[in-house]
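Shared between the two complexes below is chain A, which has chain B as its partner in the first and chain C in the second.
For the complex of A and B:
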């Protein structure tokens, strides 16, 4: 899975560079998140701007990351969801679980204000 | 002239092919004639139910066995879309509990719920060499089931 990872102000931003986050590649995102948690990096933004399709496995990988971050007093937030992707969060009620921001910058600002 | 389309595809039992089949499903939505609802949404939904059904077949029914195959049949008549996904395994659970809205914090278990939410009827029955998951959706305008309470399922294939 293609993704860019950068750290700004103690927040790790993962920018997915795939059109699909599905049962084929969601395991890699899950592993990447676990690796970050093992390194003590628990404040994370996942930028989904390039993702135009997400399935239940993709949602599950993000939920797993959210729970792991929360368990370590951190937060996993989402940014830049396309409309159809956002509708999947709404259908599964996950829009009530995640903090979702229009852009990375907005998500980053929310960490600084916390 | 109405819609008439029949397509049969067989792919190896690998998640690598999810994107290919999903894309074919999306393209079908854009070729339908006389469809007056949200075509972009329909394209996403067909992509999603194909992806979910195939992933279940590959991982749960066929146990990730690389020697097995998944057969997909897509039929469109004037006002209905039929998608059938055939596996070669012991099957997987689409029982009542999996149709319910899962706890948002569950890490898995949303696939069957999504299929039920987006299609009008869903059946899973045994057939020669395995099982077939049949999903049907009306292409007529009007309300479509959006929750598990409005979907139907049964033991018999239509």
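For the complex of A and C:
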């Protein structure tokens, strides 16, 4: 799957460049996150700005990343959710679990303040 | 038999036995008289004995051959005897050229050995005075002649015996796995000097590669061939291993355990093997030749190696490993002929490797398919086989598994007069996900009767499934609803599942059922909210999973909840089954395909009468 990875102030920002995060590509996101955790990078922002549709496998990849980050005393935060994606989080009530921000900058700021 | 019919009467005549045996038979059984067995008394003494002896012999020969099966070699022998006397061998000869080789194939073959120009010139001179049929190809009577001509042409270049081997093998190999091997083989530029022995080695290697044995057997056999034919002391195949970034020893012949302990090589220029792999070239050397590589020098000295040869093993030109041979006694045994041969053996090893990889991929694909089928059968096995009987109500349900199985589930549990209805979806598309859903179902069916409310059910279920779901990195969305058919009262709780819809017949409005909660398997303790609603006369309750609302058309529009509501409204007057059928048709029309990307599950409960 297409994604950009950059590191700013000890936070890794993964910008997905796919319209769909589903059964076909969520595995790649999951393994990308795992390899970051292995390198000890546990503060992560996933920018979903380009994602129009997310299914249960996509949610699963994010949940898995969220749990692993928390287990290592890090955080996985989400940024720039489109409406349809946001409603998926609301349906599953996962918006109560994840910290969700309007943009990367907002998410990054929240890391600095903490 | 002859004893009985000849000797016994003789004994009687000689007076050693009683005359009575002849006249009234032994023990007075008249049909056993030795000279008139079975009352056969109209033949002479000799004829009678001969008749019965032959009768017994031939009879038992036939009986035994009818009652027993011949061994394989006996059968083959018999067939050969029988076929000699018939004319069945004629059609067999015809089938040999059933797929007649074309002129181009002969040209290709010659090109491999004598070069393109010469091959074209040869074929032109051959065709110059031949008949070519209307389709531009050779008439079938010409094929044997062309074969003979090709053989002669090749013979001029590689010798008669070698040419015969080449032609025969090539014609047999066409269209089989061997063809690939042959292409490589043909690329050896053979000269008149090429010995039959070397050709033999290549053919033997080609047969090993195409034998269908497993990879290790093939590699071992090729190394054995190399070892035996060229009297090396050590032969080894090293394959690049991505994980360790080493050229790892995979198969070997003649290597002692000392050598084995440090046989892997790093991919760099420090050793000749690393260099051969990196630069994709053959390296041949004698012991004095690698002064620039101290590491190689050490190995050479400690092993007492006099000379060695490394050739890269390649797939489509890219090196995947190195074939190595070492000699402890002979220096500089490497002729050009040998180098060509050696390179081609390495290439054949590459082909064997590639064939093996392709086979593995095919097997993996079919294993995956098998797993999906198992998961599907587990999932479908979870679903109730009949709809619950509820007076005054009409209940129907459907579950259509997608090609990539999800893990949808619905069920009904009678609770005295009440009816629990549950619908759920597990993330993930494998056996593990299906098994977790099975676990959830078992728990629900076993504990439902103890639960006072839908909320209790979901809270306890989450606690029960949390560690398993968490370990598997899966989660479940579930809607749990308790319905009282007498009063129409509904109480429900939701674990992040799509909101069921109630269509009110009275004013054609919709109610979406939602309550606070979270999908199962994210945190160990969730507090769910209990909410209530009501199903009145004529109302329709529709529960569903995401498969139906996420059905997508070519413009990437989704079917969505509004279209679902509209489809429900326009069919609400029909039976529950018809409502489901018509929603399915509408969704399929919308997406323009019959198959859905995800499982599609719906449960419809229609209240037809209430006092």
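A few comments on the model shown:
Here, the second predicted complex is superposed on the first by the 114 of 114 C-alpha atoms of A that agree within 3 Å, B and C clash if a C-alpha of one lies under 4 Å from a C-alpha of the other, contacts with A are read in each partner's own complex, and residues count from 1 in each chain.
FYI, contacts are C-beta pairs under 8 Å (C-beta built on N, C-alpha and C of every residue); 3 or more make two chains touch, one makes a residue touch a chain.
Only a predicted model underlies this, so the values are computations on that prediction, with no experimental measurement involved.
In the overlay built on the shared chain, the residue A:1 is in contact with neither chain B nor chain C. Of the two partner chains placed by the overlay, chain B and chain C both lie in contact with A:57.
Contact with both chain B and chain C is seen for A:96 once the two complexes are overlaid on the shared chain.
By the document's definition of touching, both partners, chain B and chain C, reach A:67.
The interface of chain A with chain B overlaps its interface with chain C at residues 23, 53, 55-57, 59-60, 63-64, 67, 91-94, 96-97. Here chain A touches chain C in the complex through residues 19, 23, 30, 52-53, 55-57, 59-60, 63-64, 67, 91-94, 96-97, going by the rule given at the top. Only residues 15-16, 18-19, 22, 40-41, 44, 47-48, 51-52, 55, 58-59, 101-102, 104-111, 113-114, 117, 146 of chain B touch chain A when the two sit together in their complex. Residue ranges of chain A in contact with chain B, taken from their complex: 20, 22-24, 53, 55-57, 59-60, 63-64, 66-67, 84, 87-88, 91-94, 96-97. On the side of chain C, the complex with chain A involves touching residues 404, 406, 425, 427-429, 470, 473-475, 477, 496-499, 516-519, 522-523, 546, 550, 556, 558, 598.
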